[in-house]
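In order of appearance the chains are A, B, C, D and E, and numbering begins at 1 in each one.
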Amino acid sequence: MAIDAGLSAYAAPLGFIEAGAGTFAGAIPTILKVNSANSLSRAKEGPSQAVTGSVKDALRLGCAAVGFTIYPGSDVAYDMMEEIAEMGREAKASGLAVVIWSYPRGGTISKQGETAIDIAAYAAHMAALLGAHIIKVKPPTDFLELDAAKKVYEQQKIDVSSAAARYRHIVQSCFNGRRIVVFSGGDAKDDNSILNEARAIRDGGGNGSIIGRNTFQRPRDQALKLLDSLIRVYKGEA
Amino acid sequence: MAIDAGLSAYAAPLGFIEAGAGTFAGAIPTILKVNSANSLSRAKEGPSQAVTGSVKDALRLGCAAVGFTIYPGSDVAYDMMEEIAEMGREAKASGLAVVIWSYPRGGTISKQGETAIDIAAYAAHMAALLGAHIIKVKPPTDFLELDAAKKVYEQQKIDVSSAAARYRHIVQSCFNGRRIVVFSGGDAKDDNSILNEARAIRDGGGNGSIIGRNTFQRPRDQALKLLDSLIRVYKGEA
Amino acid sequence: MAIDAGLSAYAAPLGFIEAGAGTFAGAIPTILKVNSANSLSRAKEGPSQAVTGSVKDALRLGCAAVGFTIYPGSDVAYDMMEEIAEMGREAKASGLAVVIWSYPRGGTISKQGETAIDIAAYAAHMAALLGAHIIKVKPPTDFLELDAAKKVYEQQKIDVSSAAARYRHIVQSCFNGRRIVVFSGGDAKDDNSILNEARAIRDGGGNGSIIGRNTFQRPRDQALKLLDSLIRVYKGEA
Amino acid sequence: MAIDAGLSAYAAPLGFIEAGAGTFAGAIPTILKVNSANSLSRAKEGPSQAVTGSVKDALRLGCAAVGFTIYPGSDVAYDMMEEIAEMGREAKASGLAVVIWSYPRGGTISKQGETAIDIAAYAAHMAALLGAHIIKVKPPTDFLELDAAKKVYEQQKIDVSSAAARYRHIVQSCFNGRRIVVFSGGDAKDDNSILNEARAIRDGGGNGSIIGRNTFQRPRDQALKLLDSLIRVYKGEA
Amino acid sequence: MAIDAGLSAYAAPLGFIEAGAGTFAGAIPTILKVNSANSLSRAKEGPSQAVTGSVKDALRLGCAAVGFTIYPGSDVAYDMMEEIAEMGREAKASGLAVVIWSYPRGGTISKQGETAIDIAAYAAHMAALLGAHIIKVKPPTDFLELDAAKKVYEQQKIDVSSAAARYRHIVQSCFNGRRIVVFSGGDAKDDNSILNEARAIRDGGGNGSIIGRNTFQRPRDQALKLLDSLIRVYKGEA
């Protein structure tokens, strides 16, 4: 379906890309997701993921990039950062792009704080410092998690009131737009809200969105239509 | 006995295959079981296994595959997954198949949940994502362990009422049948129940079963007869 | 003294063999004991040993084998097993024999259980599965540590009443005699009890015994006489 | 701005130097900061940093040095020291300088003790022993943290009453001036106090100061003027 | 000063030898101290040191040996032993001598037990087993730490009443004098007590003493005179 809709890239773990290698090859750029979590893990303060793929796997499977998730705030965040730092070095030496999913959680971060604008901007900045070419974060809310951040945001009058302003702030935190930032879609919702979110991302300078269950869980023709509308939003046509 | 009965493959740890290398070689494909547990270990929430074999051992001993057990749900499940991810990479580069035993346990999984259909399907899916060619799971019951799963199974009306339906569901969770799935036999029982289980596996699209003590603990002629019946079931002759 | 008495091999840690390399070379096969414990360690549930020697050391010092102790039952038993698995692989590739001392302790094993026949047979079997050519265990008692084992031993009527029967059971647990099994001597005692123990080992199919302080702590001429008697026992002459 | 002001070197993490490689190259020596912390980490007694850069990265990006932070007193201080020891070895073999930020914290060190003169001198000495060419510490106060140190400082009449005396003491602790010592600026303040601090560093034999937010958070022309004054202080002109 | 006094060797950590490489080279053999502790560490039961130097560093700096401290009795003693075992192997392959400082502490060892004769002899023996060419211990007292040792010392009538007898016992514990044993000086004291200690070491068969603050904290001419007297003691002239 991703191929038919003309999307930019498709990300999946090792086994999935191996199983579909014959189908994907040459049809759409693939991103090998080199670490993966599952919902049976119960680590709440020190969540992590298993490293299940490698740069060599990505090259063998014809992928264009490796994708890696970090959990800023997790008690093992430094370990995750060291893993992608090392893997990113190898990826770049092999001509692959590096995509980092930066999803704050664990440690002292509250549930609401996981999508707070101050935490999200910080998390995106960390991914940029780690050398990511493409940074993926969740759409942030206007909540501010850290007291120290509240002061700075008020003092420097950083606008985080609208979705577009927040997206713009995130993009600025990634070396002022020198890095590509994309936003994940989150929970299932109707077509209109998805398209509005995409418009805000576009207006804030974001480079796109990641879409999963909002297409998989629709009938194929409706899903293709939605994807087509999304692409037109990013092209500035809708 | 395995040779005499015409079975597909025989799996054992390092020392055993070394001791029998002269007997097995060329007679039956062997799988080097590269990690092993023992019942003296008392880790209940973070169970694991010792990595005692390597791809090099498998090549030296003329094995056709490496076999590895993961414990989805264990507090050290990610560590186990990283071990087989790395070893699987090396195995594939050497032309060996990768077999993953996926046995949920540890963490917050209940005793009943270890064979629950939702957990079993998830565990089989994880093994597939890890790049297994062949996936081995225990025959699942119709119990549902996770509340979140209960909703989805009811909502999407996934049939798990019969053994065959459950086997079919597991096979679907492994990239819709693109991977080989086999089921282990469990506790000792009579010939009829063993053959019925095999019929359900066959009807559900499963690719076979693993059999151990149900043959070792029978007289040799009875065991050979049982194995012969089993093979006829999978060929659709019984 | 070992040289004068015509024994089969001499085992010691790195520094000792280095210091005596000039004396031993060519006179008696030496086993480099590659891990070592000391009595200052206070780990009771997770006892281990320090890896102080390597296969390269063994080759440099002209040793015929590497020796490694595992503690089945220890909370770090899997770690120890992984160490010898890796080192055993390298040893075999270099043409060295692998000797495993399998001494159950730690975890939930009781003091009496450390020499229980069920535990001892299981421990010997583990060493065999790990790929040992020679397995060294302590002389077992007729105590049964595990409830599950008690049932099986009674049901299958495994005779563990005499020392010879127990030695035979241990030897069977090591691939039915395809591996060499030797027994350690234990606490200091008089010549007669040592020779009787040796006779039981011989009758049970064991391949020899390890002797240390029972010779070092005797005057040289008495010790040589005892060793000579021992050798005659194993040759079936006494 | 650093380029325009004629400063000596610029230090930043991987992603930042990658993003600006085209701008910096040849214009100002850069230091790749190979480990980094973030304020979401909550480790108080065992603080550390993530190793995110390597000597190979530094060479690829044309850096003149690698920079590494150690936290003397942290419960994981030895681990950090081992990391920079290894990386420093590789850096020197590649012709790169080694800069160590030595910032005491964690363990039993009090908040006030983090900048105590005895701790600061000890921390600088540790960095020197680790093989640093350039050592960066925070400006120390006249507070003495350790009782043992109080005795020695009184007995040997070590003068720590003035800023210049303290800087001199730190420089002496680094092999009597055989190593370059620079001081970090700390919290934002006005131009005069910054210049006075620089004069004390100069008088104490220090080799310079590190400046960050005191320039970034000023208008560009004021910042450049301040930097120019600072340089004149170190040249002995102001 | 060490050069002027004609001493045998000088031991120091990486940074120090790097800083003085031009001065030392060819003038006095140097020992690279490859692990180091600092007094800010608060590990009481599991004390360790940071590995800050390597065999490659020692070769690059023209050192004659590597020096390593182990803490027998520490809860991480096995880890330290594994570090020096590996490093010692590399040192010997490169033609460097291996010096082990064996300082019991941690675990269940009492403060008094750190210099008890039974512990000291055991610690020296461990260093010998680890393959040290030169073993450095602290001068032992006649205290016996372990109950098991008390029995053996009484039974076998081992004389530990005089300093010379204790030194002799330590030397015997190191393969009966096949290894060089030196003793460290301890707390500052007057010239006479230092020379008497040296006489006892000489009479007990010890191979020398290590001296540090007893020279650094004296005026240069007095220190040189003391060192000259010490050397005459070891030559049997005083």
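Criterion: contacts are C-beta pairs under 8 Å (C-beta built on N, C-alpha and C of every residue); 3 or more make two chains touch, one makes a residue touch a chain.
In this text, all values refer to a predicted model and were calculated from it rather than measured experimentally.
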item	value
Interchain contact steps from chain B to chain E (minimum; 1 if touching)	2
Interface residue identity across copies chain A, chain B - same or different by half	different
Centroid spacing, where centroids are CA-atom means, of chain A and chain D in whole angstrom	35
Centre-of-Cα separation between chain E and chain A, whole angstrom	56
Chain contact topology (line, ring, star, complete or other)	ring
Chain order, ring traversed from chain A with chain B following	A, B, C, E, D
Footprint of chain E on chain D - complex, ascending	72-73, 75, 77-79, 81-82, 85-86, 89, 104, 107-109, 119, 122, 126-132, 146, 148, 175, 178-179
Chain B to chain C touching residues, read off their complex	13-16, 18-20, 36, 38-43, 48-54, 56-57
